[in-house]
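Scrolling down, you'll hit the structures one after another.
Heads up, the next two complexes both have chain A, just with different partners, chain B and then chain C.
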Partner chain A sequence: MIDEILATLMNVFRSNSMQIPLIQPIVDYLMQIPLINILVALILWRPFFAVVIMPGLAVLLLYLLYIVWFERKLTARIQWRVGPLEVARPIRGAIQALADGLRYFFQEAIVHRDAHRPYFVQLPILAFIPILLPIAFIPAGNAVGIKTPYAIQLIVAFLALIPITIIAIGWASNNRFAFVGSVREALMYVAYEIPFIIAVISMIYLYGSGDPYVAVEKQSLVPGAILNPIAFLVFLITMLMATSRLPFEIPEADQEIAFGPFVEYSGMLFGLVMVLAYEKLYIMTLLFVILFLGGWNGFYFEPLGDLNAPLCLFIKTVVVISIIAIVRSMYARYRIDQTLRYSFSWLIAFSMVALGIGVVLGWIL
Partner chain B sequence: MKVEKISRSPIAELKRHVDVIQEAFKQALIPDRVTVEYPRERRIYPDNLRGFIVLDRSKCISCFRCAQICPANAIQMSLYDNFYPGVDYTKCIFCHFCVDSCPTGALASSNLHDMAFRSLEEMKVKATQMTRLPTIVREDKQSVEYFVTKKDWKLQRKKELEDISVLRIIPRIKPRRAFCEEPESCLGCRQCMEVCPHDAIVMERCEITLGGEVIGKGCILKVTEKCVGCGLCVRQCPMQILALKEVE
Partner chain C sequence: MEEFTKFVRGGILGPIKKWGTKWSLWPVHLVTACCGAELAHAFACGYDGERIGALNYGIARQTNLIIVEGAITRKMARVLRITWEQMPDPKFVIVMGACGLNGGIFWNGYNLVKPSEVVPVEFFIPGCPPTPEALLRGIRQLQIKLDKGVAENSLTFSEIALEKGKKPKVLPVSPKVVSNAPSIVVAVKKAVDWEFGKQLCDRLKAIGRAVITAKNRIALKVEVENLRSAAMKLKDLGFDHVKSVNVIDVPNEGKFIVEFLISSYSVKELMPVLVNLYTEISRKEPKISSLSDIFPSADYLEREMQDFFGVNFVGNPWKGKFILAPDTPEFPLRKDFKLEAESYVGD
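Then we have the complex of A and B:
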């Protein structure tokens, strides 16, 4: 009975597995060992590989370790400081984020008396659902979780759910700073969501489909950033707004409301809520790379086989985020009214122009 | 200079955005930072920056000038074979008036600017500890030097280590000796004799007539060859008739 189930599972996994010539001898060797072989087959199963390994959860954690350190180091460099240095000095403090994570893990997570206890503890974990669900729909070459022609629309829909969890986190904290932060998050949500969705729709019109495969195939010659530069710009600015980065760091404003909705969190729960914005940035940048920078089009090495596409997508994403991280040290924070005025006048106007360009180009192409 | 109104036209705004992006990328690639990673690098200070005070006991004449000039009252003279100064670093303000006032150049500055003590008691450095530099634990692997011009700041890292040593700049003072300006005003109180650390002042018999005529050697004081010109007697004399005079 168990043998039959295992055999069926093996058949399912083997029929749709990643072909990587570089590690093929190791895989062949491991396939001869019972029980290990089903694990290896599961890891190399394309939907599992896309969601859990690359561009999914495993590289997301790697990216988090990298970007927290890189952003601090880059900001320090531009502001004439040194930045994190003393943890692992020979590599200039590169495992600072890991050390911080370990510290959060062993720190006491305090739930204060006025908080709504179930929501306060649950919501940081629940917030991961809308963040991790889009990964199932983001394809990278052959590795894809759920293949659907409406993937881009679905990713945008799930991204729109994230601010709701952040607002709920602020509400459950029952703190005046958290409340102010929640309201600001709601205002920012109103400000960025409309131009963002219009910019994505303009690209969907341009490519004629919400399928990332079609989008990437149509960018094989000219990337989408050149086809529709205004949508590119609007997407970039709304991405900064959505992930509450400077100059739009309004909900989390450290100097005014002390990290906004997350002010009451400590320990592991704070570690979870702190990385929310970075994870959201990762998902949005994956979408950005697929829509504007040619997705997984790029290098092709024979020994890497199916790994080429996820690797290319991941490298492009990390490079784009590393360039975006520089914005943090360039601009001062806008006021709420300035941001809302800017977004409802210029950004919506630009996104309408982008929509026009998208419709016209989609009709021509 | 008149402050001009900032232009808010879209072209000027765009130019400012381009400027800030350019500057940020420039700083990200080659930052102009001037941070010294302190224990591993040591900044080279100019030679005349005041540091730890070092004493040469063979030159010290126990004149107490350093103790008397000290504005923070940080110098205590203590008795060994003679009186020697000891610096209390809880009080010392590193003005180095003592070094400047020393007539023989017994006190000198050093390049050692960062000192650490285990307790408050240890900060009262005695004369025996001042004769040499304290034990130095050097963690620095390289030296750093600032070059500041009107236009820019630059930080230059050098592979070689900075040399920590005593800077003994001996003041150019001609030898002096005490002498009596107005022998007829002398009270004969003998305070100068008692204060003299070298027993340089001896008393000789003399008489002064009612007419003001001095019989004998002229004064009860005689300053002998032992005088080093410390000026203690000059400060002590209640009639202020003693003075220092250069010796040919």
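Then we have the complex of A and C:
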């Protein structure tokens, strides 16, 4: 009975598995060992590989370790400092984020008396659902979790759920700073979501489909950033707003309102909510790369086989995020009214122009 | 606190906990004095405390180290304790500067509290103010303590044998000296060319003994029982507010001198004039009628004097401590006020 189930599973996994010539000998060797072989087959199963390994959870964790360190190091260099160093001198302190994470993990997680206890504890974990769901729809070449022609629309829809959890976090904290932060988050949400969605719609018009495969295929000669530069700019700015990065770090302005919605979180719970913005940035940048920078088009090495596309997508994403990280140490923070005025006048106007370009180009192409 | 160090080092996961905590000491800095500038320097481009994993963070909930910079007053002690209790365990405290150590230049002050009496302190960094190197050394020492489990002095001094017949050094005595016969004269007459003042003095003579002490300054002495009527008459003349209320303690004569500095905002020629309405009251039973109903601006000033000298302003509804912390010893500005002396036990 169990053998039959295992054999069926093996068949399912083997029929749709990643072909990577470089590690093929190792895979062949592991396939001969019982029980290990089903694990290896599972990992190499394309949907599983896309969601859990690359560009999914495993590299997301690696990216989190990298980006926190890189941002601190870059800020330090711009301020003529050294940045995290002594924790691991030979690799220039690259595991600083790991030390911080471990410290958070073993610290007391305080749930204060005024908080709405169940929501206060659940929401940081619930917030991961809208973060993780888009990963299932983001394809990277052959590796794809769920294949659908409406993937881009679905990703945008799930991204729109994240601010709701953040507002709920602020409400459950029952703190005046958290309340102010939640209100700011709600205002920002309306301000960036409209131009962001219009910019994405303009690109969907341009490619004639919400299917990432079609989008990437149409960019094989000219990337989307050149086809529709205004949509590119609008997407970039709204991405900074959506992930509350400086110059739009308004909901979490720690000098004004002490980290806004997250002020009451401590220990492991704070570790969870702190990475929310970074994870959202990762998902949005994946979408950004697919829409504007040619997705997984790029290098092709024969030994890597199917791994080429995810690797290319991941490298492009990390490079884009590293460039965005510079913005943090270069700009001051806007006030909320300045941001809203800018967003509701110029940004929406630009996104409308982008929509026009998208419709016209889509009709021509 | 020792139990936090034990927690960080103990258990099967001890090495991981120790490593994580050691390289991630995020200080929340409680600046009350000039040591804050040194802390800023220690984390700026010159010395860069972020090298050793210490990142300054404004919010107590997400940190694990307090750096107390400067003197902690009785009111600030409450803030320090609240900050400490807001932080999640395990947490550590480093105290910076001479003020936090033993008072520094505020030594023997009635309003001073040692941080070590409020929260458990891991390390003291002496200096006035300590250099950035010293501060970073303090953080390093805490890391070493987490590593080894024991606290050690970062400096050792060579021992010097005491010479025979030489007196050991003693602590300095309090600089507060009470003179036996201080000369306190509130009204010193001075001849000035001030025509309006002379006219005003003539008018004020009906109230009490008026003396011109300088240009635009008049001292007006009244008896205690006439104080209110004098204030009413001054109000009729056009004076409308009290600028300051002072009490002068004269213990050898057994009296307090209470001064009300009265001026005007409404009458133009009276605006530069400052009338010092003063009276003397007994030190044993310091009672004086309040002027807060005649001049509302006297209210808070009277409360303050009530705090500092224990003068009872009859008619002012405020009772109890106003500016000082509730646990301050009574009447700290009286000349015979004595702090509880520190005693050193042991050889």
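Throughout what follows, the second predicted complex is superposed on the first by the 365 of 365 C-alpha atoms of A that agree within 3 Å, B and C clash if a C-alpha of one lies under 4 Å from a C-alpha of the other, contacts with A are read in each partner's own complex, and residues count from 1 in each chain.
Keep in mind that, in the parts below, a contact is a pair of C-beta atoms (placed from the backbone, for glycine too) under 8 Å apart; a residue touches a chain by one contact, two chains touch by 3 or more.
Because the structure is predicted, anything quoted here is derived from the model rather than measured.
K.L.:
Should A:110 be classified as contacting the first partner (chain B), the second (chain C), both, or neither?
P.N.:
second
K.L.:
Would you mind checking which one, chain B or chain C, touches more residues on chain A?
P.N.:
The partner with more contacted residues on chain A is C.
K.L.:
In the superposed arrangement, does A:15 touch chain B (first), chain C (second), both or neither?
P.N.:
neither
K.L.:
Which holds for A:32: it touches chain B only (first), chain C only (second), both, or neither?
P.N.:
neither
K.L.:
Check the residue A:83 against both partner chains and state whether it touches chain B (first), chain C (second), both, or neither.
P.N.:
second
K.L.:
Determine where on chain A the residues touched by chain B overlap those touched by chain C, and list them.
P.N.:
On chain A, the residues that contact chain B in one structure and chain C in the other are 80-82, 85.
K.L.:
In the complex formed with chain B, which residues of chain A make contact?
P.N.:
Listed in rising order, the residues of chain A that touch chain B are 74, 77-78, 80-82, 85, 326, 329-331.
K.L.:
Show which residues of chain B lie in contact with chain A when the two form their complex.
P.N.:
Chain B residues touching chain A: 20-21, 24-25, 27-28, 31-35, 37.
K.L.:
In the complex of these two chains, what residues of chain A are touching chain C?
P.N.:
My answer: residues 72, 76, 79-87, 93, 96, 98-103, 105-110, 254-255, 258-259, 263-267, 270.
K.L.:
Which of the residues in chain C come into contact with chain A in the complex?
P.N.:
8, 13, 16-17, 19-24, 44-45, 48, 50-53, 55, 58-59, 61-62, 64, 87-90
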